[in-house]
Amino acid sequence: MFELKIDNAKYWRDCVESIVSLIDEGLFNINKDGISLKAMDPSSISMVSFFMPSKSFSKFSVEKSSAVGLNLENLSKILSTTRDGESLIIKDADNKVLLEFVGPGGKRRFKIQMIEVKKSVEKEPNVQFDAHIEIIGEPFKDMIKDAALMSSYIAFRASKDQFMVNARGDSGELEEQHEKEGSAIKKVEAQKNADATFNLEFLESMVKSCPLGSTIKIDLKTNEPMKIGYNIGDSEIVYYLAPYMEE
Amino acid sequence: MFELKIDNAKYWRDCVESIVSLIDEGLFNINKDGISLKAMDPSSISMVSFFMPSKSFSKFSVEKSSAVGLNLENLSKILSTTRDGESLIIKDADNKVLLEFVGPGGKRRFKIQMIEVKKSVEKEPNVQFDAHIEIIGEPFKDMIKDAALMSSYIAFRASKDQFMVNARGDSGELEEQHEKEGSAIKKVEAQKNADATFNLEFLESMVKSCPLGSTIKIDLKTNEPMKIGYNIGDSEIVYYLAPYMEE
Amino acid sequence: MFELKIDNAKYWRDCVESIVSLIDEGLFNINKDGISLKAMDPSSISMVSFFMPSKSFSKFSVEKSSAVGLNLENLSKILSTTRDGESLIIKDADNKVLLEFVGPGGKRRFKIQMIEVKKSVEKEPNVQFDAHIEIIGEPFKDMIKDAALMSSYIAFRASKDQFMVNARGDSGELEEQHEKEGSAIKKVEAQKNADATFNLEFLESMVKSCPLGSTIKIDLKTNEPMKIGYNIGDSEIVYYLAPYMEE
């Protein structure tokens, strides 16, 4: 039994969007610390790890830890109806989840069925990263779009002072060179050069929900999975993505 | 023989849009009172009744009553080309209708063929309604969108003080409760509780052309057709929609 | 060997868009006067002739005249990534063309393969036109849209004082009459009446890239190809379009 209240329903909407971009159904773990969700995408190439602390809620009453399986696409569609000024109450009732939007226009209650979701492996990849980059969301999204003109893959390379982007395909080649402390890059730290190639479609899904003007944190190691994440308010969203290795 | 002039061509465009959302071809009756059109949609589930009074025209010269059959989709496409500041002259000529847009850029004349349209039954359903609701257009459109997430049907329930919306489907259930004198509802009057279910697609088409900020009037009686309408300027548009009865 | 620099990369983007609307691949001729391109569309119904003078470039270093064949769709997609404030360097290297965008966010380098493009006939149609019309781009685009409601073809007629547009099809007929010195027409000069019919789809492609508020120049002769063109900055874009002759 739980009852949670979020003063600004749009906050929760944005969080769920960042998860649904990768996975269709998920298991939320609700305990006294907050709400978390860890899941692999169906192809097992990527992983999402989400955490929203209890302090983000104006009411957070959780009797005992619960695991709530939901169809995230349904949930996301319902949250997309959020009107300005609505708060949101989330509670359970008879194996259903009740979403109650309360706003100046009245109350809107959606009841959705919980579903069984197989608990996916919860272990995050254990990588000793060599490079750490912090970059503003919009220019990073632009780099992804540039690369998509040339290929389905993008190569990142971090050295002591630079962050490089590379993509090549039948129609040509792209090379971008971003200096430390340029307008896009907030930080580049590299103990060693790091160089790895990733699937662009997954990256697009991962950065889609990054709030305007926010910083994206990237950790790299040559030919190892990358870690990429950002904050939505007090919540943390982190993705892991396996590298693409040419055969 | 008739010749009509509307100072703002966009007014006539908006009126025709409210009709074409339900029916493809229609028979306009033009007499000294104004222009009217009554028609059932092809599936006979709904009916539209439109009336634009002669005073809405800056010139209204009608020799004798005429019935003008038109392909409304064509008419609507032509009206969608209306430029700012254009007036519109509508007249007949050799079994054709001439639409002359006069604006600062010159004259644009469209001539379209009249078509034969079978006169459809003109009797409006005779229902003694139990409840009358007045509601702002935008929040009502939002209710329809909410319900569409859950089902293809929407149930309305009016009681003395409340207007309730309900929709349920495989993915869950929606219940909205709108208090009399909330921000959306202007009026709820019910001599008896009224409760009926309707097809969402038809409702969407009906309210699509409701002008921004306008009030929609709804009349309900349990398991009977609903009446729903609004004004566009001096013109009146009223729809009837048969209830959906679960078998 | 050439190296060209354009201070505002968007200028070059707009020029290439005006060409790619008609042809997919093209041969740019680069010599000391500037860059030019002449090509027929694949159906040989229309021709485009583009010229950008050397003075439009802030650097224009051309060792000897070159002919550079490019896939224009690729080029156009790459140029569409132009960010605010970026300049563009275009140079050749090993049978490739290098496009280097330099902006506050760093450097972005695209390398694309040159392709072999058969040199198409470069002779522009030799027509002694009877009428010359100058018309603002937006109202001309609107006329094309009006005509497209009625037909796939549009007839232009120019007389001493008027520019007329005509289109007729199954659903009806359009006739537009634009007075000399109306709000759309800047100039109508006709030594003789000129009357010809053209394919709307080609015309749409031709005027698509006309900059906002610019003047389109049209030359007509009865049942002969029309000439239609406009400027983008210092660059000139001219199209020829064969008339449609009813059989």
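Just so it is clear, A, B and C label the chains in written order, and each chain counts residues from 1 on its own.
The definition used in the following text is that contacts are C-beta pairs under 8 Å (C-beta built on N, C-alpha and C of every residue); 3 or more make two chains touch, one makes a residue touch a chain.
Computed from a predicted model, the values in this text were never measured in an experiment.
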Interface residue overlap between copies chain A and chain B, same or different (over half shared): different
Rotation in the CA alignment of chain B with chain C, degrees, nearest 5: 120
Euclidean distance of C-alpha centroids - chain A vs chain B, Å: 44
For chain C, residues that touch 2 or more chains besides their own: none
Residue numbers on chain B that touch chain C, as the complex places them: 71, 74, 77-78, 81, 83, 96, 104-113
Contacting residues of chain A [partner chain C, same complex]: 139, 142, 145-146, 149-150, 171-179, 182-184
